[in-house]
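Order as written gives the chain letters A, B and C; numbering starts at 1 within each chain.
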Amino acid sequence: MLAYALKRTGLAVIITAVALIMLISMIQIIPGDPAAVLLGPLASPTMRAHFRVEMGLDQPVVIQIARFFGRVVTGDLGTDVLTNRPVLTTVAEQLPFTLALIAMGIVWSAALGVPMGCYAAIHRGSLIDRLAGLLSVSVIAVPSFVIAIYSLLIFSVALGWFPTIGAGENGHLGDQLYHLVLPSLAVGLGWVGYLARIVRASMLEVLGENHIRMARAFGLSEATITYKYALKIAIIPTVVVLGIGIGNMISGAVFAEIVFARPGVGKLIYDSVVTRNYPVVMGAVVVTTGFYVLCTLAADLTAAWLDPRVRQNL
Amino acid sequence: MKQDAPAPVLAVRDLSVDFRTARGRLRALRHVSLDVPRGGIMGLVGESGCGKSTLISAVLGLVAANGEVTSGEIRFDGDDIVAMSPERLRALRGDRLSVVFQDPMTALNPVLSIGTQMTAIQYRTGRSRDERQARAAEMLARVKIPDPKARLAQYPHQFSGGMRQRICIAMALLAEPDLLIADEPTTALDATLEVQVINLLKELQAEFGCSVLFISHHLGVVAELCDQVAVMYAGEVVERGSVRDIFHHAAHPYARKLLECDPGRIRTATRNLPSIPGELPDLAALPQGCIFRARCDRSVERCASEAPAEREVGEGHLAACHVATGAG
Amino acid sequence: MGALGLALVLAVVFGALFADVLSHYNPIKLAVRDRFLPPGFEHLLGTDQLGRDLFARVLHGGRIALWVALVSTSMGLAGGLVLGMAAGYGPRWLDSLLILLLDALRSFPTVMLALALVTLVGPSLGAVVLVVVLAILPSYARVVRAQTLSLKSAEFVLSARALGAPVTRVLGFHILPNIIGPLLILVSMDIPVVITIEAGMSFLGLGVRPPTPSWGSILNDGFAFIRESPWPAIAGGLPIIVATLGFTFLGETLRDEFDPKLRREP
């Protein structure tokens, strides 16, 4: 297991590195003068030249990459153009909000999706199974921002059940959770569908296996068989998928933060794009991408650990 | 059966099971009757597809969703399993009835430790966790797994096939059953392991005194292990009796052929192994009359029109054949 | 489900193609006196904050959505085929390199990719196409690679090579026809994703520039004025829901029909 963990972690690091290289190379490959685009049409040539030097855009690509890596490793992601603070600080301030949103989204999708998938597998072919299937496909199809806006419209604006703006009062957990409900539901709903489908398929596969038949032959209750024997196996591929789902939810979080006017990394990036705060944009992209790679790594390692066959033979 | 013999622990009477498939109605078991003697070992022999597994599933009440019992009864210690409620049936399983399945490689849950699985099946005994673990370790020692306490924490994939099968036997005996059903327990094992497992079963049966229903297509093993034997062909029991009767005075033509063709019996070197000509009948489109007629070398006219009922060809020796006699 | 999907898809396509016929309103003409009208006979979906007919805007927005879907899917497919076959058929080092690049590309959450790219090139339809292609390319390339790898050692390929067929012939004539089937199914199931990315980017203002209508920008306008009137927001979301559900249902049914191996039911 240790060997696998090291290998997998090493791979994650390499992929992150390559991704960052791609990010920087984009600046060079894409035609046009980044300074012009980023500073807008009103900037004078002197300003652009100054910008280029400051951002290091006039150096050869390789040097840029090396410099960038050097800085990333020491935690320096550049300086926020607007506030003159380190980008890392700006991003780090907003990160907890986004993390809370994503975490809650995962809670929703697991809490709703896993039981739904289990139920559908046990009652395969029933009306509820078919309805659940249709529902799963539908929530996967519809984009999360549409769900976000419609739920804002229905539950906030029209019915007034939930607040429309913000993350709630600082320090007041209940209020913050209250503000989390709609946005996290919008973020997580699509994955309710995904999880339900995967859990259903995994469960059906496991329930057909010989050892389940044997457990039945020993008179174990259906509840024990479903949750202790079958689900424990079926949950393993689900964990892996959830890791990938987080990347999806990061995208969803951006929209949710904008729609519900919540603070977070998504809103930060969006505002920065609008105000041409290039270092913040790049810094935030680096952080979120790194976070995503970390999540998929964690998911793979957890899945490997959950299956004793994998855990001990690696 | 002798008048003063104790009631059989399992008495199957006239059991028929059909399956609804895309090809039509498959009549997998037809009017099957057999008795498993209390405290004895009954062997059930037959080729693949003869219905042995279906019979086991019916006894356990685990027939597949597309199957149904269309007639007959399965009396376990007097109570009819066919008519039983699911709750009562579940209460029997793992308590008075237990099973050893054919394939040890897939019979155990791969993500739960052996200890967890062995203690889980003791859930209705009311014993504490420590007691259950102690019993499990004890049983592992009985089936000759070395260092049982430590091995309880291990997972199935850390055991060889032969050891896994022994674990399954240990689990089946943990239940202290009245009837142990062994569904081809040695088919997936090589010859040396087979000998070990059979000897183990003999010892344990003598020690615990449970009845055993032993299914196999390996005639030599059945001859060595069992007291009573039933022979199945294409969904019917064609002959049953003591192991002596069957192996020395087989009455039904199929049983005779089966014994003749057993590679273990061949004395002289030969190029062509004997076999029974013809093929298994299609269970969805059964012929009229005797099920074995098409491949039988002793059939008469009556065999084509009338399916033979079981009749006594010797004391305690029954065969479903028009022409069979008890004499060799 | 398939029938419903087909109906929805046809509605979307029909609406987009015949936008001018179905609605006589000019989607970008202002009529500020008529702002925020609720749906009625005159304006089937009502009007937006500048008095523009929403139904007409939605229909024209469909053109953008479908055009992006068509163009980016074809480019993604072409790119995926080239890279996938190169990875599957070529030398190991090329395979490892391409896999590494594709995995790195996949590690960007799509929105982040969109935001980063648009920061550099500015918002435009071309940017949208670029983002979509980059987002869907890795999954196509992976599937093509997997299929190519498994076919690489198939008998008919080996015999073709033994007879001296050049690489292009082996790939184009022997391998390609065998992998195109599952690939097309994958493509049809990805169309909702493409529509989502386009709408999402337009919603964030990273796509087509106003006043050209795109479903995402209609939705954004609706969102901005959600307290004035709910109708523009509803009108913006509706075609997105119809299109994504329609294509998804259709794609699922196609997959169940044509590739039972991908079936999720045992």
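Quick note on the criterion: a contact is a pair of C-beta atoms (placed from the backbone, for glycine too) under 8 Å apart; a residue touches a chain by one contact, two chains touch by 3 or more.
Since this is a predicted model, take the numbers as computed values, not measurements.
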For this structure, which two chains share the highest number of contact pairs? A-C
Using only protein Cα atoms, the chain sitting most centrally is A
Per the C-alpha means, the centres of subunit A and subunit C lie apart by a whole-Å value of 21
Where the centres are mean C-alpha positions, what is the separation of subunit A from subunit B, in Å? 54
Averaging only over C-alpha atoms, locate the centres of subunit B and subunit C and give their separation in whole Å. 59
Residues of subunit B touching subunit A in the complex: 60, 62, 90-95, 98-99, 101, 103, 106-113, 120-121, 123-124, 155, 157-158, 168, 171, 175
Which residues, counting only subunit C, touch subunit A once they are in their complex? 1, 100-101, 103-105, 107-112, 115-122, 192, 196, 199-200, 203-206, 219, 222-223, 226-227, 230, 233-234, 236-237, 240-241, 244-245, 247-249, 252, 264-266
Which positions of subunit A touch subunit C when the two form their complex? 14-16, 18-19, 21-23, 26-27, 30, 32, 34, 37-38, 134, 137-138, 140-143, 145-146, 149-150, 152-153, 157-158, 197, 200-201, 204-205, 208, 247-248, 250-251, 254-255, 258-259, 266, 269-270, 273-274, 276, 278, 281-282, 284-285, 288-289, 292-293, 296
Residue numbers on subunit A that touch subunit B, as the complex places them: 209-221, 224, 228-229, 232-233, 236, 306-309, 312-313
